[in-house]
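Below is one structure. I have some questions about it.
Per-chain residue numbering starts at 1, and chain names A, B, C and D are given in the order in which the chains are listed.
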Amino acid sequence: MSNEKITIAKRIAKELKDGDVVNLGIGLPTLVANYLPDDVDIVIHSENGILGVDAAPDKSLVDKDLVNAGGSHVSTKHGACFFDSSISFGIIRGGHVDVAVLGALQVDKNGNLASHKVPGKMIPGMGGAMDLATGAKRIIIATLHTNNGSPKILNELTLPVTAINVVKTIVTEKAVIEVTPEGLLLKEIAADTTVEEVQSLTEAPLIVSPDLKSFDVAA
Amino acid sequence: MKNKIVTLDEVMEKITDGATIMVGGFLSVGSPLSIIDAIVEKGVKDLTIISNDTSIPGVGNSKLIAAKLVKKVITSHIGTNPETGKQMMEGSLDVQLVPQGSLAEMIRAAGAGLGGVLTPTGVGTEAAEGKQTIVIGNRKYLIELPLRADIAILRGTIVDTFGNIFYNKTTQNFNPVMATAADLVIVEAEKIVKEGDIDPNKVKTPGIFVDYIIRSNSNE
Amino acid sequence: MSNEKITIAKRIAKELKDGDVVNLGIGLPTLVANYLPDDVDIVIHSENGILGVDAAPDKSLVDKDLVNAGGSHVSTKHGACFFDSSISFGIIRGGHVDVAVLGALQVDKNGNLASHKVPGKMIPGMGGAMDLATGAKRIIIATLHTNNGSPKILNELTLPVTAINVVKTIVTEKAVIEVTPEGLLLKEIAADTTVEEVQSLTEAPLIVSPDLKSFDVAA
Amino acid sequence: MKNKIVTLDEVMEKITDGATIMVGGFLSVGSPLSIIDAIVEKGVKDLTIISNDTSIPGVGNSKLIAAKLVKKVITSHIGTNPETGKQMMEGSLDVQLVPQGSLAEMIRAAGAGLGGVLTPTGVGTEAAEGKQTIVIGNRKYLIELPLRADIAILRGTIVDTFGNIFYNKTTQNFNPVMATAADLVIVEAEKIVKEGDIDPNKVKTPGIFVDYIIRSNSNE
């Protein structure tokens, strides 16, 4: 993983509270679990049917019957449990997941999320993303600020929408942004950037918080 | 009562061209790998497959796609198997994508005799295309209809001779709902035990749902 | 239980096939299990969450955690299992119960059933009766032919309906009647009665089967 | 994490006049008998009770009715408790009768984030009064809406300190769905064990649903 992605994972880790039920999307979001403070214990939900996911086991301890939603072998914490897909998505849709950390192709100023499809390219399918984006109590987007320089945080989505008006927080390597009824609120910027640079990389207008903070989570 | 344990050959007589088949498993964990291999070997074609995903190349139900036995797949995710996308782009495979939670509810609804469920998932997205919406208390919902199959092929960790199934850990996934929503239910057992030898509190699929039991050849 | 009721239970027992999943209502229907032929093994469903109900246990073997839907202590057969109410009624509504044997206040010639309420009297509530009457593959009504001489098998219900057009077979101490699109088909009469007597005790017109049989299940 | 094990006195501070309370159990099997007794003792009033039945006189939630603490009950069956019928006839108790399977689905829908379910049960009967109907493929269904509560009081056979619950045999009934559909979930445990000491394959209610655990005084 790049340093930018580790920065994002570390910053998101600070958003999680002890006891939170958290679903971490595949890829970058999965990293978040590695950077939790010592006094924060979260319950990781995996949509294939686990509450209480723990790290990948040693090769000698791999259990063929125990994988996460990405198909990777995992272990479980004390107090974990297993269930079927209908119960797993009842947990998601019913609002029993406190935080879902999801990747994004695009987010817009109304909190609309595009994460499942680029027309004309490979179409992976939405998997559990639409349910998670619709059902989790709080959606945190973990994404690089731009896609090779072109903004991913837009006035309006140009890709197919995954869920409408659901994103609460966007964390990139450059900024922490809250989606508010008034628009996108810039709450924090990375130590190595400026408000001007963040705005120049963001299509949607940013409201700079009067309380703007700097974040530096580099190791 | 009827003996439900049959050979793989016997059960393959029931799986014929054009069938709609639910396949349990999540990225092939909890999938009936021996039955899938037998379908490929027999070359049963024009299948409609209902499954969470199309696995990864070379594993589980991806073999059905690779062998071009499938005309339509109803699934939530095909991103892990490029061949599925390729056949879709070429127009030889009809792929109907459904949100994963909605897929589980549609199958459950069919098995539980519901006419459908109202879900907020997918409202305003492509997943809503062609679907009826309804407003309840200021919130808009999609009406997701029941989804049935001719045959469900499942995998159980321990199966008793009556067909009661225990699924270990994350092998449950779609297996329990699929067991309720097909005309013919076949379970591939990792281990077969005497009727009643599974703790009744640990049975997840009651034996009444199961028509045939075969012994798995696969240890994966 | 009266001899009439035992007659009904014995006759219904002959309707059940080996392997049938059967729900037996409280009271008279419960008796049916006592009169099954030796070569018929059925799977009894109880709506509080059992498949594989067996007889009441000896007092010394009573388990406080194991009752049927009538609240009576029961035992279970080998291969029984337990589940919650949402699954139990999924089994019922989904058509996975082959036969439900239910009591009735009234049945009419269209197979409509009244079983849950007498207006102005105690209102017990429908419990699982509406789900069973709607969902089971075949509904057999177990009832005395009349209520103290006044017919229970009517042209049209006068009591509140429990389920519409669901009854397939009516078994009384006098007769076995099938509900058909053409009307009520009298298939069997008891050895100690006549077609005329059965019709005189039945409000709805009976079509006498060309193949009319007599039944005698007295011990 | 937060310690969920509290005393009965502590938990009773959360149960106040006017609350809507789901009570697990089927004719009091699987009911939280100690909590029910404590509600009677404290005299919490104007309650709305959601429960499969109102039990039999002198047992379980029938005591709430007998003590006239209940203004409304949403239930499938009151025939085993004449006092419920008497108060209904007198007009002091509002009884809303719902088919048992629909009651289970309405509670499940609330817990699972569904806007409702379509059921054939009750179509054309009194159970359809005031409810929207919808025709899907020539069959008519009732739209049954989600049913939530302020508080759910449950009984578990074995509960671990995280709140994972195992229910023995027929004590499950409405407990698992109710655990998902209330703002505050309190479980009365017959036996409390260390976090993780229930086989993860036997956990029926995940601990994330449970707010408080109390030790049962009752052995019935």
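Couple of notes before you dig in:
Operating definition for what follows: a contact is a pair of C-beta atoms (placed from the backbone, for glycine too) under 8 Å apart; a residue touches a chain by one contact, two chains touch by 3 or more.
Owing to the predicted nature of the structure, the values given are computational and were not obtained by experimental measurement.
Chain pairs B-C and A-B differ in how many C-beta pairs are in contact, and the one with more is A-B. Each chain gets a centre from the mean of its Cα atoms; for chain B and chain C, those two points are 35 Å apart.
Averaged C-alpha coordinates give centres for chain A and chain C that are 55 Å from one another. Spacing of chain A relative to chain B, judged by their CA centroids, is 29 angstrom. Between chain B and chain D the centroid-to-centroid distance comes to 33 Å (mean Cα coordinates, whole Å). For chain C, the set of residues touching two or more other chains reads 82-83, 89-90, 92-93, 135. Among the residues of chain B, those in touch with two or more other chains are 105, 108, 113-114, 119-120, 168-169, 200-201.
Touching pairs of chains, sorted by label, consist of A-B, A-D, B-C, B-D, C-D.
Contacts from chain B toward chain C in the complex involve residues 1-2, 108, 110-114, 160, 162, 164, 180, 194-196, 200-201, 203, 206-209. Of all residues in chain B, those touching chain D in their complex are 105, 109, 113-120, 134, 136, 139, 141, 143, 145, 166, 168-169, 200-202. Every residue of chain A that touches chain B in the complex is listed here, in rising order: 46-50, 63-69, 71, 82-86, 88-90, 92-93, 117, 122-131, 134-135, 160-164.
Touching chain B in their complex are the following residues of chain C: 18-19, 21, 41, 43, 51-52, 76-83, 89-96, 135. Contact residues of chain B toward chain A in the complex are 26-27, 29-30, 52-53, 56, 75-80, 82, 85, 88, 95, 97, 99-105, 107-108, 119-127, 157, 167-177, 204, 220.
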